[in-house]
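Next come the structures, one after another.
Next come two complexes built around chain A: one with chain B, the other with chain C.
What follows is the complex of A and B.
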């Protein structure tokens, strides 16, 4: 009974996704089952659509820079929260995690109002700042969780052996933290790459991301190109974490000399 | 004959005598919020000796060690290493070797890299590093494991690597924070002897923190018994064990019986005292006592001689108790008996196993020499 129920849930969850991927290969303009043949026509058409390619490039650039910035801020912040005591620590930590709890619409409007108040135009920089705010909590949480697991004794041992605090961080803490940093980066990238709600508020005509672009296209017509684009997005967002997991496992395996 | 020279100021001084206060704590105090972990403590540790800080958890022993290591900052007081005040010296400049309870080997580095870690920051040339690491691995009897990762070694082996990593930098002081408690019973015994031998071989001043009295008594030159942030007693193991300064020390070390009593009068080198049920006994006083002082007698469980009441004969200079065995537990080489006296107090005696051990309900006598009954002042703080 439970098994059947589980199966139904999976079917419920994945059928639309599978439908999108399948329809991407449908040569017909209006998708219907059963499909009449298989074709890459929409993918080809997609690759000639310069606005989509631009959006794709925007998404990649935005995602990458967001990931790097979020990690660059998140790792030292996590270090401070876990390893040091200072006044207002709890408050500051909650503040940085808060964007997870605040509805994205609110966040989107808030940042927009703020920029208006500063009398600045919408720009790529605004989008970037927004995405860093959105993704920072995830990086922070992942890195903090790992840092709690790294015993202080490793660092204390390194210090006692003569390494100064910076050398200790580089030689001991950072390598032990690397998987979490990597995971955090990946998370940040994926979230930035996927985000629609907040990005709708922040994106300018020039800095549209793929999801926003799809959203815009959907308003005009349901072109099968979207299916193709959806398929590409699915492949990307699913394969990236898998690839990363595989690489990190291979890397870790080599380090300990085990296969 | 090897003569060691030490540079003091401009002169070369013949180093004949070892510094009796190589490590010195002066009025040291540590407060965590409202809790006073270490209270106005003074302690001197002689050069080249192995000193154990012994006490129950929360007695401040680890805090004291961490302050010496530079991992905690004292709230007040001074710490000296070889005459130099180190309060403001950061940990990485103190030249100490620390051994942690959970080894703390760097999991992402090979054994070689682990042991060589401290040498990297000491301007040791590459070739010398290799030699030193190999020698250190030989010292801990684990040559040829340099290429392995820590996770591939057993707990005992990891602890030895931690030892190698700490001694390879030739530290001024070796600090060990309960290094054996993560090992299992048999291994612990071996490691204890090994650490003891190694320490004597290297002659490095060592401070060993433990809550295990057997570790403390078996390997130390000096035992410092601590409780509630205070030193209760310090001295050689025999001294601390046989002449415990107070109730806590006598109770913490080994198995002791305590009997409340009132001092009656002096009699030769002994004091005559009376128990609450007016039984008269003789005991050795520790310190000055007056008649009618309240006091307590301490008797080690191992000092009692048991026998059936039917076979009792009085002996010179021996106190005697009579009672019934209410419980016993077999511990391999010896047996623990619990004997209930008429006064309902239960005494604990440990005897070697005899062919016919006493059984529950047996009526027995317990003899103990006057010399093994020590009279202690009642500890008000208790």
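What follows is the complex of A and C.
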């Protein structure tokens, strides 16, 4: 019974996703069932669509810079929370993770209002700082969870053997933390790449991302081109963490064996 | 390290500055703006008046969207619980060697674009979607059933998005329960069901409540599913905010609605934190 129900939940969860990928290969004009053969024509058409390619480029650039910035400020903060004791720690930790609980619409309105008050135009920079705020809590959570598992003794040993704190960080903590940093970056990239609601507020006509573009295309109903784009996105975003997981396991296995 | 009290602050300062400048200050702006006036020509005039809030509660139109949002959120939480508890319990019980694989599958949707997952339901529920196609093919019906652009479709999209959060929250909680407790209950004469109801279920409640809160809060702020899968009557509060701010550029009124939404969520989260503690949620989020 429990097994059957679980199976049904899986079927329910994945049927729509499989349908998108299947329909992407349907040569028919309307992007719906029944399937009438297999064709790559929508993918070909997609690859000639310059606005989508532009959006794709925007998404990649935005996601990458967001991931780097977010981890660059998130990792030191995680270090502070796990390695030090200070007043107001609990409160500050909650404050930094709070953006998860703030609805994206509110975040969107708030930042846009602020920018308007500063009399700055919407720009790529706005999108970027917005996405950093969106992704920071996740980076923080992932890196903190990992840092808890790294024994302080390693760092203390290095310090007692004469390394200065900076050397200790670079030589000991950073390598041990690398998988978490990588995971945080990947997660930040995915969230940024995926975000629609807040991005709809912040994006200019020039800085549209792929999801925002899809949202615009949906106004005139679902088309096979959208399914094709969906299939590309699914393959891309699913293979990335799998590949990353594989690589990091291989990498970790070679270098340290086990931590 | 004791005399270096400044060090954690140095490490924290970039993050704190970012969150303070880009979240705390802007949110305060929203609250301040909600008291401002909008002139007939569309200018925002600094003021302190409750007109925007009065406008919201003036007639039943806006409150009904708020109620609609709350109702959808409660329905979604309920369905997520029913659909989520059983798979989570299955993971807890199973000895299958496919368990890690099945767990990865549950988390897979996190990596799939939200908008793609939402619009994928059009392929299933639409007039020429999978269900109607099959029903017509096997002569169950003659003309397609209208299944899209209603509340049911919106909830489908929401469930697809939120179910993994619920399953993981419940699983993390279940995973911490010693299996021998239920065994002990059974050896003392409980039936399987009694042991579950009296021992396992109560111990898993922290995960259940954490998952419920997360699903509730995320549903209340949802924008896409009603836009893509809902009809004209299925607007939720986030859609209203977007329309007022981006559509009609009525910043003060949009700010007031945002403030109402934030207040509502704050009351709920505060109450929850008071009785359950918010950390459970963060624990699960970081385990993913």
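Keep in mind that, in the parts below, the second predicted complex is superposed on the first by the 250 of 259 C-alpha atoms of A that agree within 3 Å, B and C clash if a C-alpha of one lies under 4 Å from a C-alpha of the other, contacts with A are read in each partner's own complex, and residues count from 1 in each chain.
The rule is short, and it goes like this: a contact is a pair of C-beta atoms (placed from the backbone, for glycine too) under 8 Å apart; a residue touches a chain by one contact, two chains touch by 3 or more.
No experiment lies behind these values; they were computed from the predicted model shown.
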According to the stated criteria, A:237 is in contact with first (chain B), second (chain C), both, or neither; which is it? second
For A:50, select first, second, both or neither according to whether it touches chain B, chain C, the two together, or no partner. neither
One more residue to check, A:119. First (chain B), second (chain C), both or neither? neither
Should A:151 be classified as contacting the first partner (chain B), the second (chain C), both, or neither? first
In the superposed arrangement, does chain B or chain C reach more residues of chain A? C
Tell me the contact category for A:29 with respect to chain B and chain C: first, second, both or neither. neither
After superposition on the shared chain, which partner residues are touched by A:164: those of chain B (first), chain C (second), both, or neither? first
Quick one: is A:175 in contact with chain B, with chain C, with both, or with neither? Answer first, second, both or neither. first
Have a look at where A:190 lands relative to chain B and chain C in the superposition and call it first, second, both or neither. second
Which chain A residues qualify as touching chain C in the complex? 2-3, 5-6, 9-10, 12-17, 19-20, 23, 30-34, 72-74, 76-77, 79-81, 83-84, 86, 92, 94-114, 116-117, 129-130, 132-133, 136, 138, 140-142, 144-145, 190, 193-194, 196-197, 200-201, 210-211, 214-215, 218, 222, 226-227, 230, 233-234, 237-238, 240-241
State the interface residues of chain C toward chain A in the complex, per the touch definition above. 1, 5, 7-12, 14-16, 18-19, 22-27, 29-30, 33, 83, 86-87, 89-90, 93, 102, 105, 108-117, 119-124, 126, 128-130, 133, 137, 160, 163, 217, 220-221, 223-224, 227-228, 238, 241-242, 245-246, 251, 254-255, 258, 261-262, 265, 269, 278, 282, 285-287
Residue ranges of chain A touching chain B (in the complex, touch as defined): 151, 153-154, 156-165, 167-168, 171-172, 175-176, 255-257
In the complex with chain A, residue positions of chain B that touch it: 69-71, 90-98, 100, 102, 104, 106-108, 117-118, 120-122, 148-149, 151-152, 165, 169
